[in-house]
């Protein structure tokens, strides 16, 4: 039985608490939040959990084995470090930290103490993203040419982070999982339309070592909500539309063929292959339940999580580069420039 | 009665010929194409039109008042210049020319001879784009924040031009018409996935003098066909989906409100305005018929076309800058740098 | 403060309990269910509520003011009658009862004792159906010609009732609310494809006194889920698609015009009016919360509910006739034939 | 080379003429229409065809091998009979005739003279319907439970036939082709909302010998255009949406399973099978070209057409019964009652 403490009972914390309470081998021992109304709501839904108005007390509690942190990103590093130093396993909300350097320090601390450090890249635990990973990894889609994503809606404007840290983070986590290879450069441009708010619209291009190009279109000021991703391989193309109520993933047996035998490339003929479309049945599961069950297993069996600190770091590196590039009107930033000496 | 000669009877020429033949006050006097099978098809459908295998003969024919040019872009300048020098009015397929310099010379030649010079920016003549222009010009949508367009499909790979010149040209023509203000800079990135073919995927960002940002996503290697545009104003937002069979234009009374009275911008509250959606009825018309009727009127009454040479030039300038930027991984290119001395 | 007791903690009961617990002026005093695992789940989520394994005990409890009944339909009459006789207000799950006669007896009992008797016609409390009612009642849509609904999906096959009692009941409740006039006849046909299960596919036509015709297509064995309703008036037509994530209600300014001045009807010209489409913004609310708040208000202020026993009776009458007609291959059944003497 | 004469150059005739002119081994020798403007349009588009203002002259012309009839349905019998008596092969627009008796006489006449008699059931020649036929015939979908079709739009109100003869005829032709078995009974109900016009809304149920039930929802007074068909088999279900621009046919590996081993049917458990969806690639072809090519082949090789007179008769029988039933508020009509003695 893993006894978890949840820090932060604002927007996402209640979901984590609700699901954690329903997981086998897991109990919500404690909840901490600095806001009195938040604590009152926590008391109503989790009468058996101990409540703290200061996370420092929760982190020190001897009957807490693992800490789940769902607070604003600028507080992640401090709370997570304290929790690890107190010998607790940690599950951190995404983005993992404000800087790659902070992420690296947390990883080092967890390794030193042999503790589980996991990042809440929720989409990685959906049936849809897992099915896409399976298709890409099997090679059936061929070489992956590009990943194009549109993730737009009206709201929710954030005060402390721009739209890249809020929305593009999901695609970067998915890319990190599906491609499993390092990004080498990032270019981003964006705009802010509300005085006093960070950029609400951005276009991010990520270049991967294997040749894949990713483009992310994120926007808080869009007329409609869209969650649509196109992944094109040399043999198959995938459409992933997360707002569909069914058939969210469609695989198209489509592409182009090029007559490479022709010596004169101007004479080469580009043909089109239009085959069947196939939409795999994907069991309906709650990603958060899958994820928290995985966290409990990793803690119990000392396994490395699918979305461990290193994956969180990889995403934070891309986010940092994207913000930097956006400040330079799209000037591409090399990822290795940010690596700290190990 | 305007007697037109059509140069080029390949992909688009037959449409121009068919529609021109049905326009009042217009007759298709002649058709020229260097391909024998193309001429045979022209003969079958337009038995009353004279046929030429060399456009030079058509351009010189005394019973041709106006020349419509639907040939590959690299031939536009030569044919159009000859036609103007022979005293013929000219309607040029888009993109107008390969370079801004060529476009400027054609404009000068037409002005000198008092001839009509029009560019076939077809979308400008659709009911949908005209309705959007009306909404934007009336001010009801407020200040235009951005224009975001996705124009993707599988094929048709071109050999001589990249995907920007083939697909983004439509959005640039629409932008030129709707905003009616100059672009100041362009940034573009792209990739080619077929050896020996130009770039088949590109992202183009255009910065306009009035603050509007446009982003165009164009792709010949996409699993599905998409023609979708979002235009966001400070008061209303427009969705234009050209693949819908009805309600192609939807106007959303949506946006954000900012409490500017708060001195501390971090305390300002961003609110969301979610009002009704409205889809104006748009009469079903064939854009090409509207356009050719307009051309005949302009020739007859010596009127300046809605899509005249200057508009064609404006689009070519953006295309040139986009290609230049794409060669420099997105480095933004200032538009005025390309202006030639007048 | 109204103290409610909930009878039945199977599929719908937990939703009623969850929402009732969050309503102001309402407390879930007791929950009854004959199933031990159901009671265990109730205990976990509602630790402060008293639990009964026999509804007879709950109904008699002195600290219960109102009873909410969410049990199989064949038990509704017995439980509701006992509750009314014990002086409790009653909210009954739909369909209200198995027969119109039972419904009439419950109404009489509630009237005699001056108790609130309400039926859980949930859709009547959605923002969408209320907006449609408002449009129809205002007269802006004109005379209502027809109501056509498709309510199909794969599953959930019921054992005790056919698909009409399970799915068409929603449309009948909506029709009762929107039209506010009596149905005069019903014709239905259907088929069962699984041995030992009731009809899983049915087509129901309802004729209303004012001339409106309703047609309901319900099906448990459909490849996809559809929830789509077309309502056509002489001036406007409404499309209500409950599976859309936004713009669920669209109002089309469309119709036909007939040149009635022509004496010879064969010479009369039918014209088409194609005007704008408009989708009203509808606040996102939980129908069940609106409904339970209304129930508490009705109990407290002795108000007549919007979906009172008489509305429940009206729906049960149509259901009875539909089942009768389905057994006679669509022979139309007059509604008044079922009326019992008053 | 087959020389065809086309009778009727109104709505559909121009399409038949255009496509026939492009078919190999086929020439449009003559066109007849009583309307002077129609003949003028025919002259412009088919300058090489002879024109007649009286179909009787065309039917007698010695250089016409086959007559294609695209006139109002009440004229079909007379024109087709004359053509057959003049020794011409006949392709008749759908519905074949006004009555089954007329259809039987035409079939007899064609058989006696060994002439091709074909009916223009266009949908049978689409790639989509052929693919569905292939799936159903192969048995992979299992036993066909039902066919449900919605074919609605605003307009085009007809003066001489009701909506069943105008729209349901398409589904009846598709059913005749796909199932290849006789209908045994038809029930229909409908309503007319425009004084002086026939019924504009109808629901038609057709019972087939093999147990399949078909339901057709047809409507000229609908807010939106819908062309959607669901076909459910015991093993697979098919969705055919003719308004999609791609993936018009989708095959769902879905259904229910019933535990038949349980003796007590009330204890039997209905399970759900939710498998993959698959959308076969269907080559884009023009159905009319496929159909006219088939007609020319049948005439040339004395082959029996896929949609011969017997198929036309089968559809007319269902139409007659549907109209009869609609006049009796849905009273089911047995098909064999209409059979004439052979």
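We call the chains A, B, C and D, going by the order they appear; numbering starts again at 1 in every chain.
By definition in this document, a residue touches a chain if its C-beta (ideal position, glycine included) is under 8 Å from a C-beta of that chain, and two chains touch if they have at least 3 such contacts.
Since the model is a prediction, treat every value here as computed from it, not as a measurement.
Colleague: Can you list every chain that touches subunit A and also touches subunit C?
Modeller: Touching subunit A and subunit C alike, sorted by label: B, D.
Colleague: Among the chain pairs B-C, B-D or A-C, which one reproduces the interface of A-D, with more than half of its contact pairs identical by residue number?
Modeller: B-C
Colleague: Among the chains, which is located farthest from subunit D on the basis of C-alpha centroids?
Modeller: Centroid comparison gives A as the farthest chain from subunit D.
Colleague: Compute the distance, rounded to whole Å, between the mean C-alpha positions of subunit B and subunit C.
Modeller: That pair's centroid distance is 53 Å.
Colleague: In angstrom, rounded to a whole number, how far apart do the mean CA points of subunit B and subunit D lie?
Modeller: 42
Colleague: Cα centroid separation between subunit A and subunit B, in whole Å?
Modeller: From the centre of subunit A to the centre of subunit B is 39 Å.
Colleague: Give me the residues of subunit C that touch two or more other chains.
Modeller: Answer for subunit C, listing residues that touch two or more other chains: 224, 274.
Colleague: Would you pull the subunit A residues touching subunit D in the complex into a rising list?
Modeller: Touch list, subunit A to subunit D: 247, 253, 274-281.
Colleague: Across the complex, what residues on subunit A touch subunit C?
Modeller: So the residues of subunit A touching subunit C come out as 47, 224-225, 243, 245-246.
Colleague: In the complex formed with subunit C, which residues of subunit D make contact?
Modeller: Residues 145-146, 148, 150, 152, 154-155, 157, 159, 187, 189, 191, 193-197, 201, 203, 205, 213, 215, 217, 219, 221-224, 230, 232, 234, 237-239, 250, 252, 254-256, 258, 260, 265-266, 268, 270, 272, 274, 329-332.
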